[in-house]
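Got some structures for you, see below.
Each of the next two complexes has chain A plus one other chain: chain B in the first, chain C in the second.
Up next is the complex of A and B:
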């Protein structure tokens, strides 16, 4: 309970400091929508010239793109500060203050920022899903709704786990941002159906960097009933539990080896 | 006259040398991205009515993959200035004052720095990467047969258009940098610029795929000269006359946008609020 109160206090403070650059936030929001619009336009122009992409219609491909934005935006809302830890904050000695406070360091990092931009992403994703779904004839079942919800929520947990584990490496190596960036960018692969990739990449995206497991497979299950929704739910939740437990272990391990850069 | 800009030229080149590790990381990220695009295009061509050997909007799948690889190398070698961020920092830290009292032009400083960076990148990475890309793509039969005298003409025009693209990119970065005077922070403006350029320059997708009206509008804008045109010149998809026309258009845009940047700067400088760090 104390932590809930503490979290909201910290978040309020971070929002106030953000208001300093109001104009820039507006430009950033606009450019975010514009950039997604451009990517979608590119996909639209490509699909105009072919009947379907590996058997998926335009609306189906759009559905994948829209759904991929949900777990990504959920993660974006809560854990943006980990990018700074990985890229700069250990290196420039900015983390020291967190080690002097009687609250777990990981909690403090989560409480450092709340990114309202994530809502923009989420709204756009939902809008795209609605537009695409209205052009599709899908039989919506309880199971497929469940698997999409689980995919979005626990998918976000998996993405956050990657961020926690890889940014923790900065405690030892001072800077781990580039590595995090490399892994994170694989989420772009899950914006398209897995069917367009060769088998090796498909396996990689399901078993190693499981962006395909919680984005592509749930959508496939909704559109074509390729998997048992409940089994898939179970797999995603298990995977999220394993990744999160591992991430916490790695974080505590690295935290104990933290040495201030003293700068 | 130009001699006083030489230290900046050298600083741009030295900075580029110092960031070799970042460049390695960039390479890994890029290989993953290019691979994703290659899979996407292969799936597109396989799904097309004519099958894998179809010609879509004037491109075979071989040409499309070459296009993706070459635009990526081109972007890496050509677009490496920090002009927007440096202006943003100068505004935030108040160091802009230091430049306003020095007897050099603020604009000239950035142009020289990014030119230095372009030279270093071209020598260090451009030469090996273009050679490797052309050799691999050529030996896979992805590029047209290189008939030699003609190829050299195209190569020369490609280098010229690459120089123009780099200058134009710096001009646009400078304009967006000066706009930071109005917004006080560069994040939003930078991502707006990157998106605008990636989409309209044909980096994301060749302009031939755009619907007719949009395509014609974009083809007279400056952006195609920043990525698509140089690559199509190198791939010999443009004949010499078309190539020359494309380079001339880009050069004209550089002049026009530099004039605009000058006007904008003289307006913005009256707005300057130094935040003092």
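Up next is the complex of A and C:
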């Protein structure tokens, strides 16, 4: 309870920081919106020349793309500060302040920034889902709604876990940003149906970097009923729990190896 | 109470070649050199004491402080802060200590100062009444009330340092670690900071560990100093004892007629060293061995002094002399 209250205090602080630079916030919001719009336009043009992708229609591929934006935007809202940890805050010795406070360091990093730009992505994602769904004939069941919700929320937990674990490596290597970037980029693969990939990559995206598990499989389940929704829910939740526990372990292990900088 | 025992911190650094080709070779070599930043030090600081932790750049002062507040994990040895190990129970220790690094601010850069304090109030779970009392106290002794509504980014260095000090004291810590709190400050700000540290120590009995290169800070604040060099403690004790180690050294600076020179002037005793600086004569002697009165008489009668300044050896000179001696010893060993 204390931490919930503290989180909101810190988030308020972060919002005040953002509003100090009003124009910056507005520009960031719009740039995010437009960069997403551009990538959407890109797929639209490609798909127009190829009317079907591995048996998926334009509306279906759009649905995949829109849905993939939900877990990504959720993660973006809450854990953007880890990019800075991975790229420069450890290297600069800038983490000292967090070690001086009677609150877990990882909590403080989460509470350091709340990224409202994430809302831009989320709105775009939802809009795309609605537009595409209206062009599809899907039978919406309770199970398929559940699997999409679980996929979005726990998918965000899985993405965040990767971010936590990989940025923690900066405590040892001083900079782990490029590594985090590489892994994060794999989420781009999961924006399309898994069926378009060779088996190796498909396995990779389900069992190693499970972006496919929480993006492609739930959407497939909704559109074509490929999997048992409840079993898939369970798999995603378990996977998220394991990844998050592992990430916390890695973080606490690495945290003690922080070396700060000379002053 | 701070108890430090056999504390050691070793940093491992790859041995690097210089230039681009050297850097590329470094990538494939597994040679490391060990830098012993802090090398087996032990000391105890009782409650309510103000200790000056001094030494040249790179002696290991900041490293020790970072270990005491839980940022760095010691390689070996132990630290107990009121009976708790900071590297094991960092959060518990953090609740009772305050830390200022003069070189880096710990306040949020973009927001008005008062907002930073509000967040700290939540972080340290300070009750409303205590918070108001502390803010009133700090507002007065550090004079920060005037710029509470400004973003930290816009504060001057002196204002920012006072704000940082206030932030480190807001939760009424039992121990305060100050790493160069007066670096880059003007005389007036330094004075204000010293008074605030005094006031805090008197009012709340706060223990203070202070590193500085400004010897006036030390003379003003500290009853005890710990002198560190190359990771080892070379002196730990009261300030007055350190001065006494060199005897009761005094210097007389004399304005003399132009024809009086150090080499040709009459000699009083081998105990008095005579030298010339900027056309003035400087007499250096141990007042316990030869009475001051006798030297003063000699200065006026034999050297025909027209004006005179008497000075005690400064703590800065003492520290400088000790460090020079250490360096000479090192050189002999090599």
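Some points to look at:
Operating definition for what follows: the second predicted complex is superposed on the first by the 262 of 263 C-alpha atoms of A that agree within 3 Å, B and C clash if a C-alpha of one lies under 4 Å from a C-alpha of the other, contacts with A are read in each partner's own complex, and residues count from 1 in each chain.
Quick note on the criterion: contacts are C-beta pairs under 8 Å (C-beta built on N, C-alpha and C of every residue); 3 or more make two chains touch, one makes a residue touch a chain.
As the structure is a computational prediction, the values presented were derived from the model and not from experiment.
Annotation for the three-chain superposition on chain A: chain B and chain C fit side by side.
In the superposition on chain A, A:208 makes contact with neither chain B nor chain C. When the two complexes are superposed, the chain touching more residues of chain A, out of chain B and chain C, is B. In the superposed model, A:257 makes contact with chain C only, not with chain B. Judged by the touch definition given at the top, the superposed model places A:130 against neither chain B nor chain C.
In the overlay built on the shared chain, the residue A:103 is in contact with chain C alone; chain B does not reach it. In the superposed model, A:35 makes contact with chain B only, not with chain C.
Taken over all C-alpha pairs, chain B and chain C come no nearer than 8 Å in the superposed arrangement. Shared interface residues of chain A, touching chain B in one complex and chain C in the other, are 21. On the side of chain C, the complex with chain A involves touching residues 11, 58, 62, 66, 69-73, 87, 90-92, 94-95, 97, 99, 101-104, 106, 108-112, 115-116, 118-119, 122-125, 151, 179-180.
Residues 22, 25, 28-29, 32-33, 35-36, 39-40, 42-44, 46-49, 56-57, 182-189, 191-192, 194-196, 198-199, 204-205, 209-211 of chain B are the ones that touch chain A when the two sit in their complex. The part of chain A that touches chain C in the complex is made up of residues 2, 5-6, 9-10, 13, 16-17, 20-21, 93-94, 96-97, 99-104, 256-260, 262-263. Contact residues on chain A toward chain B in their complex (touch as defined above): 21, 23-32, 34-35, 38-39, 41-42, 45-46, 48-55, 178-179, 181-182, 185-186, 188-189, 192, 195-198, 201.
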